[in-house]
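What follows is subunit A paired twice: with subunit B in the first complex and subunit C in the second.
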Partner chain A sequence: MSLKGYAGKILYVDLSKEKHWVEPLREHVAKSYVGGSGLAAYLLWNLTDEKTDPLGPENPLIVATGPATGALAPSSGRFMIAAKSPLTGIWGESHAGGFFGPQLKYAGYDALVVLGRAERPVSIVIDDSSVMIYRSDDLWGMNTRDTTNELRSRFGKDYHVMCIGPAGERLVKFAAVMVDYYRAAGRTGMGAVMGSKNLKAIAVRGSGGVEVHDPDKYFEVMEDILWRNTEGPWALPAQMSLGRYGTPNLVTVINAIGRLPTKNHWTGYWEEADKISGNELLKYRVSRGSCFSCMIMCKHVTRVGDGKYEGAFSGGPEYETLVALGSNLLISDLKAIIYMNQLCNLYGLDTISTGKVLSYVYECYERGILTKEDLDGVEAVWGSDEAAVKLINAIASRKGIGDVLAEGVARAAEIIGRGSEVYALHVKKLEVSAQDPRAHKSVGCTWAISVRGADHLRSLTTVDELGYRDVAAERYGPDKVDYVCDVLSEKYKGYIVKDQEDLFALVDSVIMCKYGTMWPPMYYFDFIAKLLYPLTGIKEFGDVKYLRLTAERIANLKRCYNLREGVGKESEVLPRRFTHEPMPTGPAKGQVCNLEPMLREYYESRGWDYESGLPYEETLEGLGLEYVADVLKRKYRLPRMGHGCSKTSRGT
Partner chain B sequence: MGLQSKYLSLNPELCTGCGICELVCSFTKFKVFNPRLSLVKIEYDYENYRVERATLCIQCGECSKVCPTSALHRDNGVILLDHSLCSRCLACVSACPTNAIVVVDGTPYKCDLCGGRPLCVRYCVRGALHVS
Partner chain C sequence: MAVVRLHGVLREETGVKEVEVPGSSLGEVLLGMPENVREVLERYSKYLVFLVNGRVVHKRDINLKPEDVVDVTIYVSGGSN
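Let's turn to the complex of A and B:
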């Protein structure tokens, strides 16, 4: 293929047939879906349908890079994994940093699609064009660190490894895929999909490179990236916060705006937040690291030097983990959090889902819905790290109550019943992340419309959260600034969430990190256009309008994927806690989230009909998604514009 | 003047293993992003977050001593390789005490400090790489 920036090939490995083959990445597919998440959405739409069992051999595991991967774009060491999610039953997607993605690209593949199911445990070992299905009975049962070390000692230290631990093997529905030891593709249970395929690990190294369409022009972009990271207005803020502290810096920042999830999201403010702050965590930091090709470098490893958790050592914990296993459970002992983070990493568990399952148990215990007997002797009192460790062990091994909890909080609450459902905090069965829609209204919309369920990485906006008036004015117009920058106002939040969802659809396809695009808001559509054209030579990519349309195409395709599964607007609701229980303490005291006006705005700007919850046929046609409309029409009567419905305005 | 060598060195305490130096180097020298072609090489321990080994040209001149065609010569403290004179015998590769000479399609390449302003140093945001 003449396209630059891409490897130009997709590797297919069929574990049932023990065969592998290569197909070209077609130019029109690259042009329409970019790569990464967009490419995966296109592939998954075609490879699955509503009958596909997420844990059946027919559910493909897609591992994808983007055109920016390995090409010194900002924070572009990332890659993504997609499949139909066993946790939610809908679009499943999870991203990870590290070094694996670039190696896959250097080995010659934009994406890898794993089909079928191996009869016995295997790993896939890729060395450029050599692809081996490697018998891994002896790796089965190993934790993720030992698995990674084993594969690297057997095949070479220059291999990079993504693998599952015991949790993925036992099909824990929120099992993570661990990458390069500590990077987690955590959400939506991609680890369980690997487990269902008897696929323990994928190891890869590559000797090829990424070619560039216009090296001189691209060098100018590189100089711009360097400037933004060293001298530009965001350079110092990024280094002083993310660089110095990593994501744990957020703990005190977020507590200050009253949005720090505390006690199963009962409130958003915690008096003891300082005990788990970024500053406090520095005491345990061994070293600072980074993902491949990143100038922000927010990673760190921590070690506990004394006490009952002496010797605990792992990458992280990150902000989300500090909340999920810390403030959310009222655990203020950082040593315990570092240990539990390591435990989750070794088992291959998503720390966010794990923490929210645990806090559900703690709240049920407090309210007498679950007793010590129900919990196999565990006393799940707020603040107990002992109980948390026991429950994590039970989940990973699926022993006793752990077998129920391993199904995820939504399903567990269904099984347990007794009114416990209201304490199971999820949207579309994905446990909520570490934000609170009462203190940051747009989060409500973000969670509700997110294609993978309640999560912060599909469209979280920071211009309102942190009040960046100049950025808001530039992006949304000076007339909207006052409302946009009011974190407690619902007005215009549907628009900005749609805009951010489009941006992230593109960012996740290119693939760049959310750091630099979410916070600091350093790169926007205009930068991506500047980057992609000299990189790929695809002229359309240099046109911001075309890129925005492409972003919408990707965002719409994923939403339509869920519609095909029968999951639409009726599932775009928030847990009652955020809409009916006023924030009890902290700066956002008294607030609830009023979702409806934001959803209306969102649907209008998306070109979807709010009443039916369906896309207008014209919207899909305008995006080149006629083939998607044709499939949906078998199930729904798609509305057409101008039939008494208000005309939609595209863009923000 | 001109005899005092300048060379790259690395402060391992500041290196995070991001690999940007390798990307910039391969792009500058070969117009492709490929760490394997980089003339600076840093092996990083991703489990413990520390540098295992850095392979950098120290401009010691051992390579120029064995070059039969005088393709390698010292210029203003830096050993330069004139490819028009190179016979591709690869004696320099054997002579190099730090294994810093990279062979691509049978032709040797070595660090020339980018004419005095090495781009790997410029792009090392934390300042781990520097010229001594």
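Let's turn to the complex of A and C:
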């Protein structure tokens, strides 16, 4: 392929047949879906259907990079993993930073697609064009740190490793894939997909590079990035917040606006938040690092030096983990949180889902729905780190109650029943992340429409959160800025969530980090156009309108993926806590989230019919997704604009 | 009088987490802050975000009641007003 910026190849490995081969990345696919998440959506649509068992050999594991990966673009160390999710049964996607993505690209591949299931545990070891399916019986059962150490000692320290721990092996539905020890592709259970394939790890090193279409123009863009990160208006605050403290910097600020999830999201304000702040965490930090080509350097490693958790040592904890295993459980002991974070990383567990499963248990225990006997002797009282540690161990080993909890909070609540379902906080079976739609109304829309379930990384809007008024005015118009920047108003939030979802569909395909695109909202469509054209030579990528259309195509394809699975608008609801229980304390006291007006705006701007919850045929046709419409028409009567809307579904 | 809470780097560089300051408006409260706090706030003046009772405010002449809580932070990882 003559396109620059891409490796031009997709590596396929079939574990059942013990074969591998390479197929070209077609130019029309790159132009239509960019790479990363968009490419994975295209591949997953074609490789699966509604009969695909997420834990069956027919579910492919897709590991994808984007054109910016490894190309010195801002924070371009990220890559993504996709499959049908065993946790949610729908589109599954998770991203991680570090150095694995660039190495895969330098080895010569834009993506790796793993098919089938190995008879015995294996790893895939990639060294440029050399691809080996490596017997890994002796690695099975190891934690993620030992697995990574072993593979690097056997093959070389220049290999980068993504692997699963015991949780993935035991098919815990929210098992994470850990990358180079500390970076987690945590959400939607991609670790369980690896486990189902008897795939312990993928190790890669590459010696190639990335060819750039117009180096002079491209380096002009790079100089602009350098300026933005060292001298521009965002530079100092970026360094003194995310750079200095990492995401934990958010804890006290988010508490100040009243949306710090506390006590299973009962409230959004916690008097003890200072104890788990970024400032406090600095006392435990032993090193600071960055992903490939990143100037923010938000990553940190912490270690506990004394007490009962002495020796605990891991990357993070990040903001989401501090909430999930801290305020959400009323645990203010940072040493305990660091230990639990390490435990999750070693087992290969998503800390967000783990924390929300635990807080469900704690609330059920408080309310007498679950007893000490139900919990194999664990007393799950708020603030108990001992109980949390025991439950994490039980989940990872699937022992006793852990076997039920390992199914994720939605399924666990179904099994346990007894009215516990209302305390299981999820959307589309994905446990909610560390926001609260009562204190930040657009979060309600973000969670509801997110293709992978309740989640902050697919469309979380930040311009409204702390009042980026200039940015909001520029993007959405000066006449709307007062509403947009009112964090407690639902007005216009459906529109801006749609806009952000499109932006992130593109960002996740290019692939760039959310820091720079979300916090701060520094890079937008126009910047990505400036970056992509000189990088790839694809003239259309230099056109902002084309990029917006491409982003819409990717966002629509993922939504249609879920629709093909039979999961549509009826799933776009929030847990009752956020819509019917007024916030009890803090700055957002008395607030609930009114989702309906935001959803209406979202559907209108997305070009989908609100009543039926289906896309208009013209929307899909305008995006070049006729092949998707054809499949959906076997199941639904797609509405046409101006022809009235049918609620009738041919549902199967 | 208002309670002023500092976050992140402002807390670290001033050594002040929370302080009670006299004043009936945000502007007065800021002028009434301890000198070392004022120096640090001046250093980051282009990047400061003020919240009163959890809501972002953009004007310093906003009136404050004694029970009001003022939070001061720099933009989370950057930003401009």
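Just so it is clear, the second predicted complex is superposed on the first by the 643 of 652 C-alpha atoms of A that agree within 3 Å, B and C clash if a C-alpha of one lies under 4 Å from a C-alpha of the other, contacts with A are read in each partner's own complex, and residues count from 1 in each chain.
Note that a residue touches a chain if its C-beta (ideal position, glycine included) is under 8 Å from a C-beta of that chain, and two chains touch if they have at least 3 such contacts.
Note that the coordinates shown come from a computational prediction; the quantities given were computed from them, not determined experimentally.
Using the contact criterion defined above for the overlaid structures, shared-chain residue A:Tyr181 touches subunit B, although it does not reach subunit C.
Of the two partner chains placed by superposition, A:Tyr360 touches none, neither subunit B nor subunit C.
With both structures placed on the common chain, the touch criterion links A:Gly208 to subunit B but leaves subunit C unconnected.
Of the two partner chains placed by superposition, only subunit B is touched by A:Phe99; subunit C is not.
Contact with subunit B, but none with subunit C, is seen for A:Ala71 once the two complexes are overlaid on the shared chain.
Contact with subunit B, but none with subunit C, is seen for A:Ser290 once the two complexes are overlaid on the shared chain. In the superposition on chain A, A:Trp519 contacts subunit C only, with no contact to subunit B.
Counting contacts as defined above, no subunit A residue meets subunit B in one complex and subunit C in the other.
Those residues of subunit C that touch subunit A in the complex are listed here as 5, 7-9, 11-12, 17, 44, 46-47, 49, 51, 53-56, 58, 71, 73-81. Partner subunit C is touched in their complex by these residues of subunit A: 233-238, 240-245, 249-250, 252-253, 256-258, 274, 278-279, 282, 296, 462, 465-471, 485, 487-488, 515, 519-522, 586-588. Only residues 70-72, 77, 98-99, 106, 145, 148-149, 157, 180-181, 207-212, 215, 219, 222, 226, 229-230, 286-295, 297, 299-301, 315 of subunit A touch subunit B when the two sit together in their complex.
Touching subunit A in their complex are the following residues of subunit B: 16-20, 23-24, 26-27, 30-37, 43, 46-50, 122-123, 125-126.
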